[in-house]
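See below for the structure under consideration.
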Amino acid sequence: MFSVDLLLNAIIAGILLGGFYAAVSLGISVAFGLLDVVNIAHPVFVILGSYAAYAMNTSLGLDPIVAGLLFTPVFFALGVAVYRIYYNSFEKKGEESLRGLVFFFGILFIVEVVLLLQYGVDYRLVEAAYIGESVHIGPVGIAFRLLVPCLVGMGLTLALYLFLSKTFYGRAIQAVAQDSLALRLMGANPIRIKTLAFGLAIATASLAGALLIMIGPVEPSMNREYIGRVFAIAVLGGLGNIGGTFVAALILGVVESLTSTFYGPSWALAVSFGVLLLTLAVRPAGLFGR
Amino acid sequence: MQRRVFLASMLAVVVLGALVTRVIQNQYYYFAAYVILQYVVLATAWNILGGYTGYVNFGSAAFFALGAYTSVVLIKAAAAPLVVLVVAGGLVSGLLGLGIGYLTLRLRGVFFAIATLALAVVLQTMFINWEYVGGARGIYIIRPKTVPFFTSYVEFLFAVMVVLAVVAVTVAWWIENSRVGRGLAAIRDNEEAAECMGVPTLKLKLVATTVSGVLMGVAGAPFPYYVTYVEPSSAFNLDYAVNSLAMPMIGGTTTWAGPVLGAVLLGTAQQVATVTISSALNLLIVGIILVAFVILAPEGIIGLVRRVTKGKRG
Amino acid sequence: MADPLLEVHNVTKRFGGFEALSNVSLEVREGERFGLIGPNGSGKTTLINCISGALRNDGGRILFRGTDVTEMPAYQRTRLGIARSFQIPKPFTSMTLLENLCIPLEYAAHARSGGDEAAGDAREILRLMGLESKAHITPAGLSQIEMRKLELARAMAAKPKLLISDEAMAGLSSAEVDDILAILFKLNEDGITIIMIEHIMRAVMRFSERIVVFDAGAKIAEGTPQAIAENKEVEKAYLGE
């Protein structure tokens, strides 16, 4: 039943969840928002990250976050490879929009089925000493399995924000979104910059995946739930706007948490997809777009 | 002339389908053929919007499931006969199609595609939470014991699907060879230019989304009787969404023959693979073939064949 | 003088906070060759987007042959007789040239019988434009000037009373410009009113009977080519202070 404690707990849990959603959505915000690459397979890469962390955790007893960090170069390379294929097959020919979309849909499907063949439909989870712990502040309980992902998500957001605004390559990535002429004047090759950025976007999926499996058990088809979420967040946040993406992630986290607490978890997903549909229909530029 | 040939061959397919039920006894063939024919309808329906008009629908499963669940409701509430189920399923999914048609006013390209995906999840959640149709647990459907003229109910369902497939292909063929089809192609190539050349783009897009929705709903309507147990995760299965776009992409998206060819080839391969290998592996094969085709042969098999025959002539 | 074919009354168009057109009024007479010039971003293309229906104006009214078309969707305006070409050609890429022309013939020019009759008309227009040898290839195989001609040909296939040519000559050689000009003169002789938007001064000055100059979303001058050439305001808008 409704109570202030329940409400407070739901809001805090939502904010924590939101910090994690930011980590999942950053890659889409970069790929879709800055590069115009509609990578609907991003969530499946996140799941792949979860399984990588799972494999390391069960075989070597590695901490999931350490595993997630260790795998970022691998995911970066994967992203570079995927972008190369995408660029040569679609973007170069100017056929990126629809066929490119189907290409990523196919990738999504392949990765999901490969995971299914390897690990089956069972839910998998990781173990670490702190995962079951929690702290209590007054009536509000904060579970470490939510707090840690939120903090790491915030760290990732900050790191990406600083990289994009303060470094040469970061600014080059921002420039590629606006016009490639300015980029050429900077002396950078747009294709290389886009490859770098896409690799980076996929690299974030490694860490986000580790966070995902820390929050709860994971199975291969879970990526689909995140397709709507990440696009809702990226679009709501104003495409390519890192700060906006973070705020949008928090909003969605809180809305979902409230829905889940007061109406039941099975409605939470529909809320995020509903938000996406509404945003698309009413304000495609997002809350923080121009 | 061409028209007569096409209609005659469609009629021949129906007659052949009817004859088959007098000859073949093994029920497995009807189960398998039903699925393949169901994909012919879905792929053809997807292609009317995706291939002819250029709007990619990732939510085919939603339209299919809506048709299936409309049947569940009508079976449970009124024990309605199959004809009624098919018509009702088509109507309900057609209405959803009309709805996404209005979405095209604001959403184009990738945004439209993402919206259809979101729509599928929202609908699935609603059915998961709708107890009347079984909620997340699902619901058992009992087939009628007997059906006139057919030795088994599955044979009857097979025959129904033959008719639906023929209807779907005929509709696609008609659109393709009419003014409507040429207008849709103009929209696909350049919507702004089409509107400026006198093409009523909104009206035609509404026709395409509605017809596509109707056909997908029609394909889903007999589904409860086919599986006899309907649950959201099977009715909204992503396999429908993937297959109904992969099949036209592999066959070729510009003509009615493309989705038919894709559905027959890929559908048969999947049926064989499910028996001989494993169902997960056969999905992997579908995924890989799809990616290979979008990269290497964007015009599909029909396009490849055309290129080869043209090459010979030139 | 003939009646106005097109009347633009106090048209305003805003994009967010930016006013792209402020209170623009002009008239184009039946049979006229009308030039529209102005620096980049002065609102010329926005105006013709409003006239053709690609954009809706926020204020003011647009009348075509006495009918208020302000609220009309673009395709209906095309059917009434307003056709345009695009600055950046937008051909139907999957169709042959002949099929490209059949779209406006079928949908705008009301060649209801479709099929053969439309194809006959399409061939005639292609011949007029000197494109008949390319009737059965797709636009991907066209040169720059052929692409521009296709744009005009497709607009012509809508059988318009008013043809708006949006920078049909940009990037063409001098001989090619003359080629396009000759086509436009010929169309005008056949009774089609033409609005020409162009940066190539030589072409606009030679072609137009009357010219309107735009700057920063407003009309700053109107008159014969002679008068415009001598106008100090216009010079300032083009050359800066």
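Order of writing sets the chain letters: A, B and C. Residues in each chain are counted from 1.
To be clear about the criterion, a residue touches a chain if its C-beta (ideal position, glycine included) is under 8 Å from a C-beta of that chain, and two chains touch if they have at least 3 such contacts.
Just so it is clear, the structure is predicted and the values come from calculations on it, not from any experiment.
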{"item": "Chain pair, A-B or B-C, that carries the greater number of C-beta contacts", "value": "A-B"}
{"item": "Taking each chain's C-alpha mean as its centre, the one farthest from subunit C", "value": "A"}
{"item": "Centre-to-centre distance between subunit C and subunit A (centres being mean Cα positions), rounded to whole Å", "value": "47"}
{"item": "Whole-Å gap between the CA centroids of subunit A and subunit B", "value": "32"}
{"item": "Separation of subunit B from subunit C, taking each centre as the mean of its C-alpha atoms, in whole Å", "value": "43"}
{"item": "Subunit B contact footprint on subunit C (complex, rising order)", "value": "52-54, 73-76, 78-79, 83-84, 86, 90-95, 99, 102-104, 106-109, 114, 154, 157-158"}
{"item": "Residues of subunit A that touch subunit B when the two form their complex", "value": "38, 40, 85, 89, 95, 97-99, 101-103, 105-107, 109-110, 113-114, 116-117, 221, 224-225, 227-228, 231-232, 264, 266-267, 269-270, 273-274, 276-277, 280-281, 284"}
{"item": "Subunit B residues touching subunit C - in the complex, by the definition given at the top", "value": "179, 182-183, 185-186, 188-190, 192-202, 254"}
{"item": "Interface residues, subunit B side, partner subunit A - complex", "value": "54, 56, 58, 103, 106-107, 109-111, 113-115, 117-119, 121-122, 125-126, 128-129, 136, 238, 242, 245-246, 249, 280-281, 283-284, 286-288, 290-291, 294-295, 298"}
